[in-house]
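Structures for review follow.
Next come two complexes, and both contain subunit A; in the first it sits with subunit B, in the second with subunit C.
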Partner chain A sequence: MTDRFRDKILPVTAILLAIVAAWYVGAYMLNAPFQRDLDRRAGETPTFSEFVVKTMTQPKPTLPAPHQVAVNFYENTFLRSVTSARSLVYHSWVTLSSTLAGFAMGTLLGIVIAVGIVHVTTLDRSLMPWIITSQTIPILALAPMIIVVLAAVGITGLLPKALISTYLSFFPVAVGMVKGLRSPDAIHLDLMRTYNASKAETFWKLRLPASVPFLFASMKVAVAASLVGAIVGELPTGAVAGIGSKLLSGSYYSQTIDMFAALVAGSVVAVLLVTAVGLTGRIVERAMGARPA
Partner chain B sequence: MSVVQAQGLGLTFNTNDGPVHALSNVNLTIEKGEFVSFIGPSGCGKTTFLRVIADLEQPTDGTITVNGLSPREAREARGYGYVFQAAGLFPWRTIERNVALPLEIMGYPKVEIAQRIARTLDLVNLKGFEKKFPWQLSGGMQQRASIARALAFDADLLLMDEPFGALDEIVRDHLNEQLLQLWDRTNKTICFVTHSIPEAVYLSTKIVVMSPRPGRVTDVIESTLPKERPLDIRESPEFLAIAARVRDGLRAGHSYDD
Partner chain C sequence: MSGLRVSWQGGLAALLALAALLMLPIAEPSAGGPSVTAAILLLVALAIAVDAAPAGTMVRAAALLVGAHAGVYLLLGDLGSVNGAARGAFYLLLVSCWLLAWRLVSVLSSIRAASRTGEVALRLVIPFLFGVWILVLWEAIVRGAGIPFVLLPPPSAIAARIGNSLPILAADVNQTIFKAVLVGYVMGCGAGFLAAIAADRFVFMRRGLLPVGNMVSALPIIGVAPIMVMWFGFDWQSKAAVVVIMTFFPMLVNTGAGLAASGHMERDLMRTYASGYWQTLFKLRLPAAMPFIFNALKINSTLALIGAIVAEFFGTPVVGMGFRISTEVGRMNVDMVWAEIAVAALAGSVFYGVIALLERAVTFWHPSIRGG
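What follows is the complex of A and B.
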């Protein structure tokens, strides 16, 4: 117990406190000029401690203090009905649903591409440069085009956003799966050859099971990328719901506290998603006989 | 009919540093039921020869037949079981699923797969370890499981490439004894690659001594030891005489210029 405290809880808490402290200092420094201006116009001369409190309680601060974000996050997460447009749960769910749809399609697409690359020499030689090129185009530039083009052919709503997630998430899966499907030892491939196994049998019985650890590692990256894709997809669409739209409307009206609370909601969703993928991976690998760590 | 017949067999790998003559003019006949060891320093082509029999490498010269067929046809007819230097078990399959692997690929019915798993695991003394994953077994047990896997589909020819090379001597002695019993019971033809003179002499009815650059056969020794071989036969004068001949053969073939 004391070991756990010393090795885990203590360092994690120390880092967290350091970040929060730095944040408070930053909030004071960034909000101070505006507060000074306000006080000068109102003719007030607060003491230093009064002044510090004022910088931490502005309604539209340049950098909200941690407790302002925490209160906003708490109110909009736990005190609102989940169907309310002010509820962060509601917005998170909207973003989460397109993230999951995009992640599922991206993972599938990534696997299909990897299978193609491993089995078809032409694809192996020609596809990778295109895939890498696709990822060098800033998604921020591409997202509005995808949304507009799809809207023009009558596709709106969840799917366009999900496709942006797909676009971002297939890449790590494809790269990871190519490596995974090629991971079997020469000895295992020779063994399958001595059995005169077909390509399909080698795939299902050897390549695919061998690639599972690689798949889950790349899915962890992909799920985070999917979330980014979904949020970015909400920005140019005038979407009325979702973490992205919350960020956008926050920036229109200088609701910095709302924006930070939405960012926190986004990170919470990201942590949950990555953890869920990691846990699923652990369970699957355990079922496949992985040695417990 | 001979199980393996090689005539003027040669294999040259073209590497960036020029051609490497892995095998050159190998003439060898292996009859049914023989236990043949291939011994020689690394680079002498013993593993390559085994891989040619298994159709894992293609010869560039000469002819070879396996069970009267070309190596490719023999492989397609699943005419041999191959045991590699490492156990090469699939880590995500339990021991019984590993043994079942070739049977699944060869399309055996479920009931027969179960029977064959039970029989072959019994043959290599691994009863009770069916549900274990490979990492839960010692190296020697893993290698026994891989032998069970090679035996499961009843090919008459067993090709073994230094299967006990990575094991310690005590385990190796034990497995050698078990392998002889297994050979005796199943009446299979076994081709066995090894580095170890005592192992080769103890196991074989025929010892093929090979030497490198180019890989070639320098001596073929027919063993005069009886089929019944307790471990202490290795101290008998007859055993030592054969071992001495093998050692001489190795020395004669080995150029000490490197």
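What follows is the complex of A and C.
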């Protein structure tokens, strides 16, 4: 326990504190010129400590101080009713729902592609290079067009955003699952052959169980990617709802504090999602009899 | 015994071609007339027959190649310039040609190339055929079914648009890729690399920075784009700043992991040579970390493009790929958008390819490159 404290918790906390401290210094330095300008116009000559406090309390600072973001985040998360359009919970929920829809479709698609690649030689040789190429296409740049085009056909709301998330999240799953489905040793595959197991039996009883750790490792990457997809997908929807639209409207009105609070909300969602996938993975692996590494 | 062996793709293709024969014409109005229809059916039949005959692999592959591609070329030509002219026979023959192409790919996959060059050529040809057929199907369905241009332009129109607006595309690429992406990429990767080495020098820093870096890598960092645009203005500097932030953390985490990758034995060996920290770093640990570093460079090549283009949605001067995409979407010039996307995809692939080639040159000793 003390080892864990000394080797992990202490250094991480120290680094986080250092980041917060650097943030404060940065907030002072970035906000100072504007504040100096304000003071000169008002004809005030504040002392240094007064001046520092002023740089930390501007309503639209260049870089908001951490406590300003924290207060804004707290107010918009806990003090507002969750149905209010100002509530971050509401916006996070909108983003989360399309993230999850896209993540589910992407994972499914990735698994199907991986199964196809492992079992059909033609697919293996023709599809794999294109899967890699598909990710060099900056799909996020396509996002606005997908949304606009689908809206023209009459598909709006959750699905277009989820499709972008799907595109981003199928890739890690497909690559990870191909690796996982091929991970059984030759000796195990030979054993299945001596049992006269069919291809399907080998798949269900050997390949699939062997691929589970790979699946969850790549799902962690995929869920983070599909959150990014959902956020960017919200940008062109005309700032209706979601973390992405909150960022966009913040940038229109220079409400930096709101933007940072939205970023914090997005980060919280990301951490929760990755943790949830990680925990599920651990539970599943334990239920399948994996020894703790 | 040299009987006929019909593959399932060939058999199905023959059935579909027969069905198409009963459902003629291919298109209404048909640009080529009955002679073209006869030529297509003949090509398909010939390819199926040669494939089923006891011929050599190369002969069969050649017949399939010609049959499938000349067939589909004539098929597309028969549509003429009228949108939505396709009838049932068109789609049946299209699928039939596609099945022949599939058969071609499986014939090619079964070839065991004798030489290295042959092996490499095969490895390039098979995915190339796949890409060609995606474009062919796209073109055929869009033009055959008459899908509105605004929704999805056919590849031929996109290619024509690329050809017509090369100067605009070049200016956009120059603004987005050569200014924002490259500058940001070099700075971000460099900073991440140096930070990882600095963190590696102190155990305390390493233990603290790596988990934090890992967590930050999962965050939607792209969200800082509007803030950077606000800080650094509309020109490429703000896009480069987004790219720096996006590429920093993957590099930090991967280099950190890579520096820990050299084995105890090797490090002990370096100690018996009485080598100092820097000697060990440059002669053992950095080379051992190279696979990890290149992994980060590859991930970052995509991230950098995405970061720069998305950041342009929040405000730019009137040039740049992201700017062009968002304005042309608004003006419903979808072919220009697709042209821009094609260029972005090409740039991304070239970027990735260059890094992959560099990786092969630098980490020639790694098992995944040596193929053992």
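What we mean here is this: the second predicted complex is superposed on the first by the 283 of 293 C-alpha atoms of A that agree within 3 Å, B and C clash if a C-alpha of one lies under 4 Å from a C-alpha of the other, contacts with A are read in each partner's own complex, and residues count from 1 in each chain.
The rule is simple: contacts are C-beta pairs under 8 Å (C-beta built on N, C-alpha and C of every residue); 3 or more make two chains touch, one makes a residue touch a chain.
Given the structure is predicted, the values throughout are model-derived calculations rather than measurements.
Undergrad: Can you tell me whether subunit B or subunit C touches more residues on subunit A?
TA: Of subunit B and subunit C, more residues of subunit A lie in contact with C.
Undergrad: Quick one: classify A:190 as touching subunit B (first), subunit C (second), both or neither.
TA: In the superposition, A:190 touches subunit B alone.
Undergrad: Have a look at where A:289 lands relative to subunit B and subunit C in the superposition and call it first, second, both or neither.
TA: Once the two structures are laid over each other on A, A:289 reaches subunit B alone.
Undergrad: Identify the partner contact of A:37: answer first if only subunit B is touched, second if only subunit C is, both if each is, neither if none is.
TA: Neither partner.
Undergrad: Check the residue A:50 against both partner chains and state whether it touches subunit B (first), subunit C (second), both, or neither.
TA: In the superposition, A:50 touches no partner, neither subunit B nor subunit C.
Undergrad: Which holds for A:205: it touches subunit B only (first), subunit C only (second), both, or neither?
TA: first
Undergrad: Please work out whether A:121 is in contact with subunit B alone, subunit C alone, both, or neither, and reply first, second, both or neither.
TA: Only subunit C is touched by A:121; subunit B is not.
Undergrad: Which subunit A residues lie in the overlap of the subunit B contact set and the subunit C contact set?
TA: Common interface on subunit A, subunit B vs subunit C: nothing in common.
Undergrad: Any idea which subunit C residues touch subunit A in the complex?
TA: 102, 105-106, 109-110, 123, 126-127, 129-131, 134, 150-152, 204-209, 211-212, 215, 217-220, 222-224, 226-227, 229-231, 301-302, 305-306, 309-310, 313-314, 321-322, 325-326, 329, 334, 337, 341, 344-345, 348-349, 351-352
Undergrad: Taking the complex as given, what residues does subunit A use to touch subunit B?
TA: Spelled out, the residues of subunit A in touch with subunit B are 185, 187-188, 190-197, 201, 205-206, 209-210, 212, 288-291.
Undergrad: Would you mind writing out the residues of subunit B in touch with subunit A in their complex?
TA: 54-56, 75-76, 78, 80-82, 84-86, 88, 90-94, 101-102, 104-106, 133-135
Undergrad: So in the complex, which bits of subunit A are touching subunit C?
TA: Residues of subunit A touching subunit C: 7-8, 10-16, 19, 30, 62-63, 121-122, 125-130, 132-133, 135-142, 144-145, 148-149, 152-153, 220, 224, 227-228, 231-232, 235-236, 243-244, 247-248, 250-251, 254, 256, 259-260, 262-263, 266-267, 270-271, 274.
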